[in-house]
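After this come two complexes, each holding chain A, first together with chain B and then together with chain C.
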Partner chain A sequence: MLYFIVRRLLIIIPTALLVVTVTWALIRFAPGNFYTGEKQLPAAIEENIRKKYGLDKPWYQQYLIMIGNIIRGDFGESLKYQGQSVNEIIYRHLPYSATIGILAYLLALAVGLTTGILAALRQNSFLDYTSMAIAMLGISIPNFVLGPILVILFALGLYVLPPARWGGLSNLVLPVVTLSAIYAAYIARLTRAGMLEILRSDFIRTARAKGLDEWTVLLRHALRGGIIPVVSFTGPALAHLLAGTVVVEKIFAIPGLGNIFVQSVLNRDEPLILGIVAFLSILIMFFNLIVDISYGFLDPRIRYE
Partner chain B sequence: MSMKGDTLLLVRDLKTYFQTEDGVVKAVDGVSFELRSGETLGIVGESGSGKSVTSLSIMRLIPEPPGKIVDGQIWFNGVNLLELSPEDMRKIRGKRIAMIFQDPMTSLNPFLRISTQLMEVTELHLGHSKKEAYQHAIKMLDMVGIPEAKERVNGYPHEFSGGMRQRVMIAMALSCDPELLIADEPTTALDVTIQAQILELIKDMKRRLGTSVILITHDLGVVAGMTDRVIVMYAGKIFEQAPTRELFKRPANPYTKGLLRSVPDPAHEEGKPLYQIPGLPPDVAHLPPGCPFAERCERATAICHNEFPPFVEVNSDHWSLCHFAEEVYKESSRLF
Partner chain C sequence: MKTISLVSLFILGCLSLSCSSGAAGRRYWGKTEPPKENVLRYISGSEPESLDPQIPTGQPEARILMALYDGLVEYHPKTMEPIPAIAERWEISPDGTEFIFYLRKNACFSNGEPITAHDFVYTFRRGLSPELAAQNAYLAYEIKYAQAYNSGEAFVKDKNGNFLLRRDYKDTGKKDFDSSGFGPDTEFHRFINSPARLTVPYAEKELEAYLKDNPQMREVLKDKELVPVRAEDIGVEAIDDYTLRLKLELPAPYFLDLLAHQFFRVVHRQTIEKHGNSWTRPENIVTSGAFKLAVHRPYDVLIAVKNPEYWDAENVSLDRIEFYPLEEQTTMMNLYKAGEVDALYNNTVPAPWLDEIRKYKDEYLDYPEATVQYYTFNITKKPMDDVRVRKAFALAIDRFALAKFRKTAKPLADFTPEGIFPRYEEVRKRVYKDLLKEAGISEEEWNRRYFDPQKACRLMQEAGYEVVSKENGRCEVKNFPLGDVSLTYNTSEVNKAVAEFIQAQWKQNLGITIPLKNMEWKTFLPFRKRLEYTGIARAGWVGDYMDPNTFLKLFYGPNNDSATGWHDQKFDQLMNRANSETDPEKRFEYLARAEFYMLQNQPVIPLMTSATNWMKKPYVKGMYPNPGTLHAWKFVYIERDPAKWDRDVNEDLLKREDPMVEAKLAKLMKTQLDFQKRRRGE
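So, the complex of A and B:
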């Protein structure tokens, strides 16, 4: 088990470097440069810029310098936000995204699991059909539609919640709900499907034959197996949520990581792009590892070699 | 508590139907029988004859929907189980009526320790503390012949072989010393050598605990060796009911005769192909008006196709569902 975790943690490093390499190559293959604008720069200035940022060196040297710095944990300074290190920028904007992300994650879990379990218990009932119809809507309606609709309803129509910006708790409600909707919908459907499959199995019949009440059957005998598909989904989902989602942050004007990420791409801010990409990939791999470890706790048949 | 020989279970006109896209499937249609205390009753029949549904109906474990017990009574020690509230029924399940199932590979929860699965029964029904329940679990495993029960009790089902898992199932079922044990094809999924061991175990436990047993099987050999009385089911109906000896010696129903002829007999059948009943069991969603077996019966006449047969008592405690029950019985009697 320990060996498995250590090995998986070690694999994260080369994988992240590979992701960085591919991203770097993509940036370099795209035509243009961070200093290209509508006006052609004088040759002397361009040469100075190239020299300052090491662009005059052969590409493999530039790559090695970049990778070397990253291995040391130094992503360098942003090209756009002069004098600010990439690490600082990520550190400063992450809390916004993480707050909304974690809240949205918890909300999605609470809503999704309850709905899914109830729908499975009352399969083919009115409750089942309505909740699954709503879940289908939740999956189909993109958040850039849902967000504005919620804003129109609750902020501009009913005047009960602020429409945007960072502030008190009330500012969190709309972005968190918008962000969690699709995840809650997915979790509800996965829970329902997982629970239905487990509830049909022979060992559930055995549990009932023992005289156990429905709640014990459900919570002790069915839930563990039933939520395995949910666990595989929510691990990477949490990584995405923590790291910020561009659309929701844009709609609600939240200075989160997602917003910065998109800006960095538009600015061709190479160090910042690479920094965020590396951070995201490590986060996702880390949560995948947590998911894999938790399988072992859920299902004793799974062994780590 | 009932005395030996008293009626423990009385099933009256049980009807369990399933709603399917193909129409109403009458899985069990008017089944009546009696089980005396201390007795072992065998229920035999082909797949789909309604034997498992009968047992699940007694436990009230029919998945609803699509299934439903539409009519009948199930008297257990003077109480009609079908009238009990779900809570009261739960107090009987696992405590006074226990059940073991066909496939021990899937009947135990793969996610939970054997100890948990055994302990929860006695904690629930006997009010055991964790400690008592744990000790009791070890005692039960020991009793059903699991070696090193003290260590194995902490294992998970996947660490046990099929035969051992069925032993665990039996230990679980007998934990609360039930008055009735329903064994639904307990050996069908096991190797032949293991089958004999498990049957021997059930016999032994029955002797030690005085449990009454309903043994559901499609194996006539098992019925012959284990039971006091036998019910033969076909298409959701009881076709014949008799003391085991009598049934094997003097079957009074053409279907039972067909079943008995289908058993391979190493002494007689040299070179001859093994007999089998022609045709297939009928679709219980669309039964013909007459005898459900008429299509496959060698002696069927016009009346068999048109009129539902009567349930005839050909001898004391020996009943047969056939227009020609008396004749068939006499023919069988003449052979001996």
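So, the complex of A and C:
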């Protein structure tokens, strides 16, 4: 087990560097520059800028400098936002995304697991049909539709919640609900499917035959196996939620990492793009690792050698 | 199923409820209550790149930096003409190439230190230093030797220690202007008024490239010494602590307007030298404006509070401005409707909402903007190398229909925006009359230049295409090389709609269906600049200052910014003559001639003058729809008495007199007007 974890952790480093290299090449191939604008710059001014940011050096030199910095954990300074380091920007904006992400994740888990379990227990009942229909709706309504509808209802119709911006608790409600909807729906459907399969398996029948009460059967035995599909879905999902979801952050004007990421690409802000890409790839690989480890705990049939 | 229909019924019900609560019958759009505190909550657009006034180039930053920094002059809140700021008065030399600014003695930085002429000298030199690499440095190129310094050039000294003079080696069309009698005589003044020295690139690589283009200079530069142009050589001089003198290369009457730009606003030397790149952080920053930085949470909010040290603090009405950096139009409209913000920046009301929003006459601002929208031709490639084809394409667009379709624009057939430079437009009208007579164009025909399908068809025929006439003067061009032409625009809903509209016009009027292509912004720009596009591309231009020159200079010089490949000696000569002319009337005449000449060659299709297109709550006063949507914040205030709120803002808000604003303006202008009177009396 330990060997497995150490090996996986070690793989993360070269993979992240590879991701960064590919991204760097892609940015270099993309036309335009961080200083490209409607107004063309006189050649001398462009020359001044290139000198200032070391863009006049040969490409391999620039690449080595970049990789060297990243290995030291320093992503350098943003080209667009003068005087701000990339580390600082990520550190500053991650909490916004993470707050919304974690809240949405918890809400999605609570709503999704409850409905999923209830639907599985009362299969083919009215409750099952309604909750699964709503879940289907949740999956099919994209968040850029749901968000504005919620805004129209609660912010512009009833004037009870603010329509956007970061602020107090009331500002969190709409984005968290919007963000969690689709995850809650998926979790509900996955939980229901997983639970239905497990509830019909032999070891559950055995547990019941042993005379265990229904709650113990459900929570100690069925749930552990039943939520494996949920875990493999929500692990990477959590990474995405933490790192910011562009659409919801845009709709609700939340200063999160997703928002910054998109902007950095539009700005051709190379160090910032690389920093966020490296950070995200490490985050996602890390969460995948956690998911893999948790399989072992959830399902006794899975063992890592 | 029942539950679903119930839910959808609920949603529909709420939707109609929310619509009815905001629509017709109500005077204002959404919640309209002045904020409890004396604060303006303003949507400012994209997140500012930097709070260093000399770095960012965008308007969103300009608006924030105008609150934080003060300059020699400030924009007039309605006309954007320069009004006194740190300079309480100024005078201009008779030849128009020198300015003397008399600074007020009570101006100081946010840390209480006084602002002197030396701070301005530092600011100007810093802005132009190659090390700062400011993108806006070109704005100061009118200052003598500024361009040479910023471009890392050098003077040329011969063996006897004399510097070579520009007029002996280079024909730039620029004259030497001597105003040595203007103001006190100093050593620097004698130097800066001596005939312009020759400058050549200093760095080896650039010098080599220069000599390649100018082989005759190789001989000239032999055994000469190159002396780099220093910051101290540019035409900026502190005569004493409170008197600043500027020397320009040529009479540029618009330069005074330009000085209100954030690039020229004064910065604090010690702070910058102490903290380097991080001097703009909230804990380090020292500013010079009516407001100072209190909070900066990027992508969330920037709060500027009234600066008690400001020299004109008693005339600053707001206690605080909250700038919200966001660009999502729907989001900002929601915030506005919910009463969480008081005003938006320009071009923010989404097109599909316009019909509804226009009904709110006390809030929606629709005024001409110093911005033109146009299409460029790549005249280096066939078939657009033929001026007749270019003219035909220009004439086959119904500009009036386009403006109606866009809802926020006015039709444009000239290159300078309509309704922005009234004095220039008067002169131009007169000049055009003469020019039309010379060219043998009837006035009637000229007035049809906004849309003339018949002439378009005729021109296509003259250009050698097979043309089949159709009803209403339209036609079908048979053998147009469609494969060689496309219309490229940068991806956006609006650009797409306009391109499709114009595509339909050409199809209708010429029977030509031009294929459309769209590209991401930063991909599009170099593509257009390098003339890689075929046929036609979209473009827009925002004026830097309130003078037609800011638009016409786009076509000036061999490497001009027009992205068309068009360059013409005659146009350059007209521009040179205009810009060495000291009489403003005559100057406008030359500019009008240049504009006429350029448009006769039709390297571009002017389409429309944009409109300001923004909203403010009626209780926000002293905030005007000026051509640049640049607000001098000290004039803005919150009116709590609904009887005094702004009404029908599109009628004549710019002409209405607001006692609060007029009183402040009168007081500010007094120093300069009295000074001018005294000078005239002498």
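The criterion applied here is as follows: the second predicted complex is superposed on the first by the 305 of 305 C-alpha atoms of A that agree within 3 Å, B and C clash if a C-alpha of one lies under 4 Å from a C-alpha of the other, contacts with A are read in each partner's own complex, and residues count from 1 in each chain.
FYI, a residue touches a chain if its C-beta (ideal position, glycine included) is under 8 Å from a C-beta of that chain, and two chains touch if they have at least 3 such contacts.
Note that the coordinates shown come from a computational prediction; the quantities given were computed from them, not determined experimentally.
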Chain B and chain C placed together on chain A: clash or fit? fit
Inset, instruction - In the overlay, answer first, second, both or neither for which of chain B and chain C A:Gly83 touches. - result: second
| message | Just checking: does A:Arg122 make contact with chain B only, chain C only, both, or neither of them? Give me first, second, both or neither. | response | neither
Examine A:Ile152 and indicate which partner it touches, taking first as chain B and second as chain C; both and neither are also allowed. second
To the nearest 10 degrees, chain B and chain C lie apart, as seen from the C-alpha centre of chain A, by 160
Winner on chain A touched-residue count between chain B and chain C: chain C
**Item:** Partner chain in contact with A:Arg7 - chain B first, chain C second, else both or neither
**Value:** neither
Just to be sure I read the superposition right, which of the two partners does A:His221 touch: chain B = first, chain C = second, or both, or neither? first
On the A-aligned overlay, A:Pro31 touches which partner chain: chain B = first, chain C = second, or both, or neither? second
Shortest distance over all C-alpha pairs of chain B and chain C after overlay on A, integer Å, is 22
Residue overlap on chain A between the chain B interface and the chain C interface none
Seen from chain A, its contact residues with chain B in the complex are 124, 201-203, 205-213, 216, 220-221, 224-225, 298-301
In their shared complex, chain C is touched by residues of chain A numbered 30-33, 35-45, 47-49, 51-52, 77, 80-84, 89, 92-93, 130, 133-134, 137, 148-149, 151-153, 155-159, 162-166, 250-253, 255, 259-260, 263, 266, 268
Residue set of chain B touching chain A in the complex reads 59, 61, 65, 87, 90-95, 98-99, 101, 103, 106-113, 116, 120-121, 124-125, 156, 158, 169, 172
In the complex, chain C touches chain A at residues 1, 3-4, 11, 14-15, 17-18, 21-22, 30-31, 46-47, 49-50, 52, 55, 57, 130-135, 137-138, 141, 147, 150-152, 206, 277-281, 297-301, 324, 326, 328, 330-332, 334-335, 337-338, 340, 520-523, 525-527, 529, 539-542, 559, 561, 563
